[in-house]
Every structure is written in C-alpha cells, then in structure tokens.
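Here the chain labels run A, B, C, D and E in written order, and each chain numbers its own residues starting at 1.
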C-alpha cells in the first residue's frame, strides 16, 4: 500500500520535473507569441543554440554555471534580435502564414547550420549542476529539477509583472495590437519588438542551458521535440498568457508521467495531444484564455 | 407584424447593453433606430442576426421565433444586414461579393459542381445575370470586376447593401449606412433606400447618426438610451421630444 | 508653427498628395475638408511621420520633421487622433490613456491631466477598467481623443472625430475641440462634416484629389457658393 | 555523372543517414568509408590504377528517402552500395538494389531479416560485416544468467528501433529458456530525455538486471536517471552502447556495473592502427559504426581486387564467398546461406569511465 | 459546348502530351530510375499540396497536420492491398475514404477553433495518427509495413489529374465561393447565409480525402511505409509547398510541389548543405515574395482569353 503510494508520489514528482522544463521553454514561446503574434517555430532551436553556448562556455571556456548561463542568455538575446530583424521584420505586414514559413526556415537553418558547425554528434555537459538527488519519504527529488522548477516560477512572476505593469510591457502590448497607433504614442515599435525577441530568446537560452545541464546531452536537433511540447503547453494554458504557459507545461508533464505510470509510455504523445484537443474543444482559447469574441 | 421583439435583453458581464426592449415593425415599414453612442443599437442588430444570444426575451420574425439561430439561419429566414464597420470580402471582386450572397439560392450540389453537371452551368448563369442586374441597380455594374477593397468608401457602403439584398431578404438591417459619406452621397443613399423599399416590398430598420437621413426617410423612429426605449414616434415627434433632445440631439434641434 | 511645403506622397504608384502646401499658426484651429479619398488622412499621417513624403518639407516650430521617425515626432509635441480611432482594443481604458502619456515622465502632471480628461469625458471614468475593444463607437472616439490629449500636445491632429457619433456628442466633441484649443493646444482638424468643422475653425483648406484647391478664413469659405454646394449639402 | 571506370574511377554508393535522427551513424560511416578509399587510392587504387570514389546520397534517416537514395545511386551506376546503417532503412533500399543487381553492404544493419528473402532464401545482394541481433540477444542472455547470475530481469526497449526490438526479443526468449524471469517490459522512443516515469515502474518490480538494448545516448541517460532514483542493479545491452560519449552522457560512476555485447574490443591489436589513423584524420575516436563501415568498404575493395573487375555481378559473387577476411572488427567469413558473417562477439564491462574487455563469445 | 471550350481543349491536349511523353520515355527506358521516383513524388506532392491548399488557402483554415491524412490513406490502402489482397484502385479509394471519414470526425468539433489553436490541433491529430500506427503491430509498428510496388506512372498521373480537376471544379463553384467567403470574413459570410461550419468541414473532408489518395499512391509505390515518414516535418513540407506557390492559388500549389520536390532531389547531392540551403531558400523567397511565387493568382492561359468561368466584363 505504502509502496504504491510512494510510487505514485514519485510519478507526480517526475511529472512536475518534466513539466517544469516544458513550462520554462513555453514561457519565452508564449511571451513572443503574445506580443508579436508569431508562432516562433525557431524558439526551440534558439534554445538549442543557448544550450550550445552554455556548453562551450562550461566545457571549453571552463566558466562556472551562472556566468555561462548569463553568457548564453546574452548571446541568444542578440541572436533573437538578429533573427527578428532579418527574417521576421520585413514580413510584419505580410500574411501570418508567410511569417510562419520563415520561422520554419529559420528553425531548419539553425538546426542544420549548427550541425555543419558543431556536427551531429551528441555533446554532453560537464557536471555543472550537482548530480544530487534528495530522498524525501522514499521519493527521490533531483537537485536539477528543483532548480528548474524554481527558475520557472520566478521567471513567470517577473515576466508577468513586466508585461502587465511596466512601461515597456505596456508598450509591447500596444505595439502588439496596432503598430501605427503605438508609434503615434511615441513608442519605438522596432526596439520594442526587438526587446520582446531579446527577452524571449534569453528565456529560451536559459531553458537550453538548464535543459542541457539537467539531461546532460545536447545535439543540433534537440530543440524540436521540446519546442513542440512547449508549444502544446503554451496553447494548453492559453497562448500568449504567461502563467497559462507554466500551468500548461506542468499539466503536460503530469499527463505524460501519468500515461507512462500506467504502462502506456508509447502512447504518451498521443495522449498529450488528445488532452490538448479535448481542452480546446471545451475551451477554445486554452485553460486560461478568455473567450474574446470579435465585436461586430 | 413582421418583427416583434419582446422583453429583449442582453448583458455583458454586469453591463445591460439591451434592457427589456419591445419593438414592433410591420411589413413594408421603414423604421429608424437612433440613440446615443453605446445605447445598444448595434447590439440589437447582433441579437437579431444571431451574432449574440439574448440573455432574455423573444424575437419573433414572420411569426416564428428566431432566437437561438445561427447567423446564417437567420439570413435564410429572410433577415439581412450591413455592418457598422464595413465587412466586405475585400480581396474578392465586386461581383463575387454579390454571388456569394446568392449562395443559398444556388441550385446545384457540390457533387454536381465537381462533375460539372448541366445543373451547375444553368445555375451559375442564372446567378451571374442576377448579380449583374443587382449591381446595375446599385450603379456598380461598371465596377463588377474590381477588387472590393479598392472601391471608394461610398461605393463600398453601397456594395454592402447590394450584397445584403442578394440574400433576398424581407427585412433589411442597415447599421450606419451613411457613416463616412458626404452630404451629396448621403442624399443619394436616401433615395436608394426609399427605392429599395418600394421596389422589393422590403422592410427596413436602420441605425444612423446622420439626422438628415433619419428624419428624411424614416416613417417611424425608436430612440434607445441605456438599452431602453426612451421615445418612439414620427420624425416630427422625435425631433421635438425633450427627452430625446436631452439625451441625443442636443439643444439646438436640427 | 507647422508649415507644409509642396509635399508629395505616394502609395506605390498612387500619387495621393500632389504637392500640397499649407500652414497652421500657433493657437489656431485649422481644418482640412474634402470628399472621400481626397487625401486628408494621408496629409495627417505624413505630418505625424507614419508616411514619408517623396518630395517636400514639413517644419514644426522651425524644426524639420521630414524623415523623422514617428515616435520622435510625438515627443516634439504633435499628437494624432487617427481615423477609425485605433485604440488599443486589447487593453483597458486606463491603460490606453497611460499609453497616451508614454513619453512623459512628470507623474503628478500626468495624474492631473488624467483627471482633466475624465472631467471632459465622464463616460471614460465609468468604463476605466473595461477592455477598450468592447466600447461602443462613440466611447472609443472619446478614448482616442483622451489618449491623444494625455501626451500634452502643442499641436493635435484630429482625423474625422465626429464620424459615427450622435448629434449631441458631435456637438460636445466640437465644444471640446474649442475648449482644448482655448487651453492652448493648436488643432489641425480633418472632417467630412464640413459644416461643423467650418463653424469652429479659424482657417480652412479644401483638398481635392491630392491638391489644395481653396484656402482662407473659415467663415469666408463657409459662405462660398462652391463650398456650400459640394460640402455643406446646401 | 560519367559512366563507371571512364575517368579511372570506380564509384561506390553510400546510402547514408547524413541528416535526420541517425545522422551521427551516417557521418561516422562516411568517415570510415572515405578513410578506406583514401588508403587504397594512396596505394595506387584498384584494377591497375583506378581510384575509388564514394558517391553519397543522404537518406535523411527516413525509409522513403533511403529508397530514393538507393535509386539515385543505382542510376549513377555505382558498383556497390554501402549503407544504410539502420535496419529499417536497409529494408527499404533492398528492393531497389535487388532489381538493379547491385550488391549492398550494410555496415551495421543487424536485424536478422535483412539478408533473408521470403521463403527462407537469402537476399542475393545484401551483405553485412556485423553479427545479427538474435546473436547479441543470445549472448546477452547467456551472460546475464551465467556470469551475472541474474534470476529476474526487466527490459527497456526503444519502440522506434527495430534493432532494439530484435535484441529484446531474443534476450527475452533465451533468458526465459534459461530459467530466468522477465518481470517488466517498458518502452520508450529514442530521443526522449526523461525516463523517470518508466524507471519508477521498474523500480517497483526490483529486477536483478535491466536489459537495455538501445543506443548509447539513450542508454547513458537512462542509467544515470535510474541511479538518481536509487536503482542499483546492473544494466546490460548490445553494441549500441559502444561510444565514448556514453560516459559523458551518463556519469562514469553511474555506469559502473553495466555491460554490453560488442563487435570488437578497443584494445584489440587489429583496432589499434585503425583507431590511431582515424583519430589523426578526423580528430576524434572512431566508434563501431566507423570501424564496421571501414570494414565494409574494404570488403568491397577486396572483392573488386579478387574478381579483378568492377562489374557488380562479379563483386556480388566474390562477397558471396568471402572467407577469412581480416577486418578491424575481426575476421569475417560470409555464410553463403545467410550472408551473415561468422565472427566472435565480446562482452565489455564499463568501469570508471571505460569499456573494458571482459570475455568473448564465439558463434555457437 | 462549355465543357469543351478552347481553353479546356488546350489543357486536355497538354495533359495528354505530358502523359504520353513520359509513358513513352518510360517504355523506352529513357528515364533513369532516380528520375522516375521523383516524377512519382511530384504527383504525390501535387495532390497533397493542392488538397492542403483547399483547406488552408481557399477556406482560410490553418491545418499543419496534413501528413496525418496521408498516413491514414497510405496505411489503409496498404492494408487493403497487402492484407486483403484487394485491387489497387480499391485500395487507394479505401485509403481516401477512411481518411475523409477521419477528417470529417476531427473537423466537426475542431474547426470552430481559430488560427493557431486549429493549427496545433491539426498538428496533434497528425501526431496521434502517427502514434497509433507506431503502436499497431498489425501494420508493422515502428519497423514499417512492406508493400509491393503496384503503382506506375499511369496510376500516379491520372490520379493527380483527377484530384486537381476535383479541386478546381469545387473551388470554382458556389460551394467554393462559400469557402472563400469564410476565409475572407467569417462573420460576413454567415450574415450572407453561409453555414461556415459546414463549408469548413466540407473543405477539410475533401482535402483529407485527397490527402488520403496521395498516401495510397505513395504507399503502393515506395515498397515500405513507416510511421516516421508521416511526421510533422512532412506536414510542414507540404505547407511550405502551398505557401511557396502562393496560398490560395491551386496552380501555385502545383508549382510549389514541383519546385520543392525537384529541389530536394537536386540538393541530395550536397547532404550537409541540403537542409541549410533549403532553409535559406525558404527565408529568401518569403522575404522577397511573401505571398508566394504566384501570389493568390492562378496561372492561367491568358492568351486564350477569359477564364473558363466567364467573369463580368
């Protein structure tokens, strides 16, 4: 009896750890989406680049964890801004699907470009996150998972406050809705959007470094699946809604862990998507999304 | 009575946009619906056309309840509308805009379309000539091939009415048809509205802030404020009603 | 104060403004009237920097504005109430007003201005927390004006502020325009409702298919036969 | 592309996983093949001065693309094809080379069915230098029962990999036949990063051994996560474990008490020279993929030389009767009835960050 | 009369010439196998792209899971031809019909979702389909399903022609216009009496049917099908073809399918650079032609006068 309970608790912990990784990636996803209304399919790949920068910094430049993290975040912020300027900005007035295709292009470019540069080989992080696990009442808790979970929650709060209450946050939302009108208010729309991408990409990089350090392996295609999962998480929570992304990520992680715990691990992705679809059918704008109807 | 609204209400959250509204319109009437901004006029149209569902009350059109129907079903029952902010199919040609509105009267299935059965050609020809005839009426025939969004504003407004007419309605709802028109264009519109009513045995309910148009064409006017009717009557009565002057027209009546 | 000299603007191949010149002096209300598609909105957008003239100069308080990015021009003291309102529909009424004061740093002054705007438009105070997209047309127009006033402009550009408003509100809006003007804001007003516009304006210009065809004191224009026929519906 | 032999070159096709999920295999293979060709070309080539050239087509780790790539190569008139590396892709390329009568050597396609056609007959054009999955499973089970004295085992299999399934199936049948008991079977999909959920389930059944026949990047992670969950039992698997980065993906400490079946031991004298040359040329250690591909390339060179011809039919005939070929992965004799090599397998134990030779097992 | 006007005759002639020419070349063994594979792939992708265009371009919905329907068609047709020993025609048709049925069932509840929400849902459906085939040992699971090659040029070509004609005839009818009106402005379309749900589902179902046909063709040509072949990357690839050609333009989709297939075949010579170059090309084309190579326009035979369905003067 206690054995079953312990196993169940362990699975919940497993699910939450996995979910907080999804949530962390989904934060940047949802933030960029909320402002720029672009499904940035390259987000997972920016995360991958972040993981590589972190890897270079720790394994080659022998930097310690926090400086490496900051370096990765800074470089990806820059990368995000460059990507936006080159690939997305010219398409601001084009159809959304054109921007989506470009995003797919950027995603492929980062994946295979990096494969050219760093080869397809799997790399692994030096042990920057202590590989410690705590045993609490028979349940094992990973140090890395705790770090990721805490980071996710802190970033979620910071991000929500930024977007909701700060000047730049309001400028972001205004520019997101109507660029010309924002210009008329004196908002520098270009730098606002750049800032959005910079923040979003820095978040992706943070996720990448933590992901790399936690799961220990990185490769040029590592961003695809987490990117997709983060997208699911973001939509599940209501795309564009920051706390929604976190809840979506955690729900997704718990779902996957539950499916595996029931011995159906190969159906995990299918069940995750099925739940997403069901949620959307019942609540078309996600768990936290408001059902805003177009005013006629 | 063609249209009867009984105790119609609509709230958004705590806000009562339409409150216990009772309106009756007879076949062939030309009625105005006016009132301050935010009074709930457009909301009435949205309720009538199935865009919103009423919180309370009934809407009887031609003897049948049209509450709870989807917008397209309302159109099939014979109510057509234009929108306060123009909603044309901007990237399509003028004639396609009209042909789309003929859709419910098309007489062939998707299957016949794919196989190009004779019924397809017959019905398409018929729609084409009907659409052209309608455009003729609205002085848009020469524009048939143009992309709708490239038309000047006034013509877009007219096309919207033409398109609504193509659904062959019994009741036409016009939401601020004269907005953005200059006095000359407005006068043309007034004539058009009268002519439509007379030629198609149409019933028309229109929302408008341009008093020259409302007073010029409407036989009867309802005045809405805070979702409720504060006055109704002939243009003359409305013009001089102190409540209307206070809430809507302002001191120096026009 | 504002001087437009021989400005040409194109939309691709469309020559929307074909060399217009006019001035607005400190303290005036100047109105541009003209029919649909004459280029009125285009003129305003060019002044506020949303469009780039291909040729010509725009000067404000002696400073050249041509080529200056739009967000800087706001800082120079020009704000615009755009056609179709363009309020931030996803934000609340308060947040929209905050956006108006985006470039300002004088917090207490901003607060005072907010009160002033709520006094002018009590409806906005009632709807402070409402998401702006669900406001009615008239409410949105008030919000757009309030938002523009929040930047404390020297010159305010108004694009068809009476469009879609009830007669009472139209009157109120024009009263407000006069008020705002009396409090020291210069106004450039674009209107379809020429009758009203001419009644509040000091001077007026008539725009026809991208060219200025007439200009003069508002009263004179209002009396002119051509104008009466074409724009006043008389 | 000019006809074969025209400009003094003989073209060999490479239907390789250069991009996609198994990109690393294809790239390692390409290195191994190129090295073999460069070496022979440096010695003056074959057939009196003809150089060998590798004509690569990327199969994107996708079966459909493997067919397309094979078709392209055959269209380029290659004399033989090396690759694909993974079993399911080999199956997809087989009809094409068979239709065109061009021999194909898959360096690492270990699925038993690959060389066998319907009705128990051998696929005439498919060869390999590697032993097959059932053999690895068999060796693994024998080792588990005999050396590790395991009575119960759990199996974790990569659902997406035919290879892993093959190893799992034969392990299970041999292990149970030998008196062991399988207490749990779990599945994952290669590329997953978080295995804690399935491991938690296994933990509940407390097996003596976990048979994990996947590839090293998954294996390393799985073992590490298992250890983090407090699971201390030994793990064992197949040649998919063989890669130096196993120890950086999982930590050396976590990987202690894990074992795997392999083609060759690192410290085998045959390998030393190859490892050295390879490191010199490419800057990193070779793995089994590189070594097997190097052998595959040399098998073709050998066949061309003994046949004294660049004719695919003659090359096929030579491969069919290859005996005592000294490859770096061991001595290879092709069984004409199965086209599988008869060679020894070794068991390696991971100890403090190194795969150390433990014992070797010959074909039974 | 109308069906056999000058323009249609010219098109028919052109179609016959292409078919006959390739058929003769195949018979004379003039076409190297590599090229014939790509000709087949072009046919498959033309069907996929034009059918996705019906959903995304014409009706304005946002599906990024088209490969799922291709998978259903592929597997179902393979079951009919391999396990049930049915004739090829029946196999392909069965694939299409089951795919359409799934499309209908999925579309009915999900098509009320808008934009990105619909996108993720369709993506999800594609993934679920993949997982189902992964876990079904009857069709070979992850190892794949071996199918003998029975599709030849004649099958592929005429099935493609039929699909394109179906899409063209549907689009250029009042039902197609109803779909377009939903794309342009759903609220206005409803106000014009158009049941937007019905037309969204109709387009989605028809698109799924044709996607299923394409899957059937693919399965019975390629020797082996595996779940991974129908991953979301394949869906993206089809989407890229549609957008590259010009969203909403059927001829654009055809061009996009041909260009992408040929390009991918050509670039397979440079494996390391292949994906990078494809990616750059995608970005560059979108930057310079955001509405695709053909925009929303149809490539038509202008020199033959007006389009088939006469437009107003």
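In this text, a residue touches a chain if its C-beta (ideal position, glycine included) is under 8 Å from a C-beta of that chain, and two chains touch if they have at least 3 such contacts.
Only a predicted model underlies this, so the values are computations on that prediction, with no experimental measurement involved.
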item	value
Any chain in contact with subunit C as well as subunit D	A
Chain separated most widely from subunit B, comparing mean CA positions	D
Comparison of A-C and A-E by number of C-beta pairs in contact, larger one	A-E
Per Cα centroids, the chain farthest from subunit C	D
CA centroid of subunit A to CA centroid of subunit B, Å	47
Chain centre separation (subunit B, subunit C; CA means) in Å	31
Between subunit A and subunit D, centroid-to-centroid distance (C-alpha), Å	36
Approximate Å spacing (C-alpha centroids) for the pair subunit C, subunit E	51
Junction residues of subunit E, two or more chains touched	134-135, 187, 272, 274-275
In subunit C, residues with contacts to at least two other chains	134
In subunit B, residues with contacts to at least two other chains	42, 51, 83-84
Complex contacts: residues of subunit A adjacent to subunit D	3, 7, 10-11, 14-15, 17-18, 21, 112, 115, 119-124, 127, 131, 133, 135, 140, 142, 211, 215-217, 219, 221, 225, 256-257, 260-261, 263, 265-266
Complex contacts: residues of subunit C adjacent to subunit A	48-50, 69-72, 74-75, 79-80, 82, 86-91, 95, 98-100, 102-103, 131, 133-134, 147-148, 151
Of all residues in subunit A, those that touch subunit C in their complex	167, 170-171, 173-174, 176-178, 180-189, 292, 295
Touching residues on subunit A, where the partner in the complex is subunit E	33, 39, 86-87, 90-91, 94-102, 104-109, 111-113, 115-116, 228, 231-232, 235, 239, 266-267, 269-270, 273-274, 276-277, 280-281, 284-286, 294, 296
Contact footprint of subunit B on subunit E as seen in their complex	2-3, 166, 169-170, 172-178, 180-181, 184-185, 187-196, 202, 296, 309-313
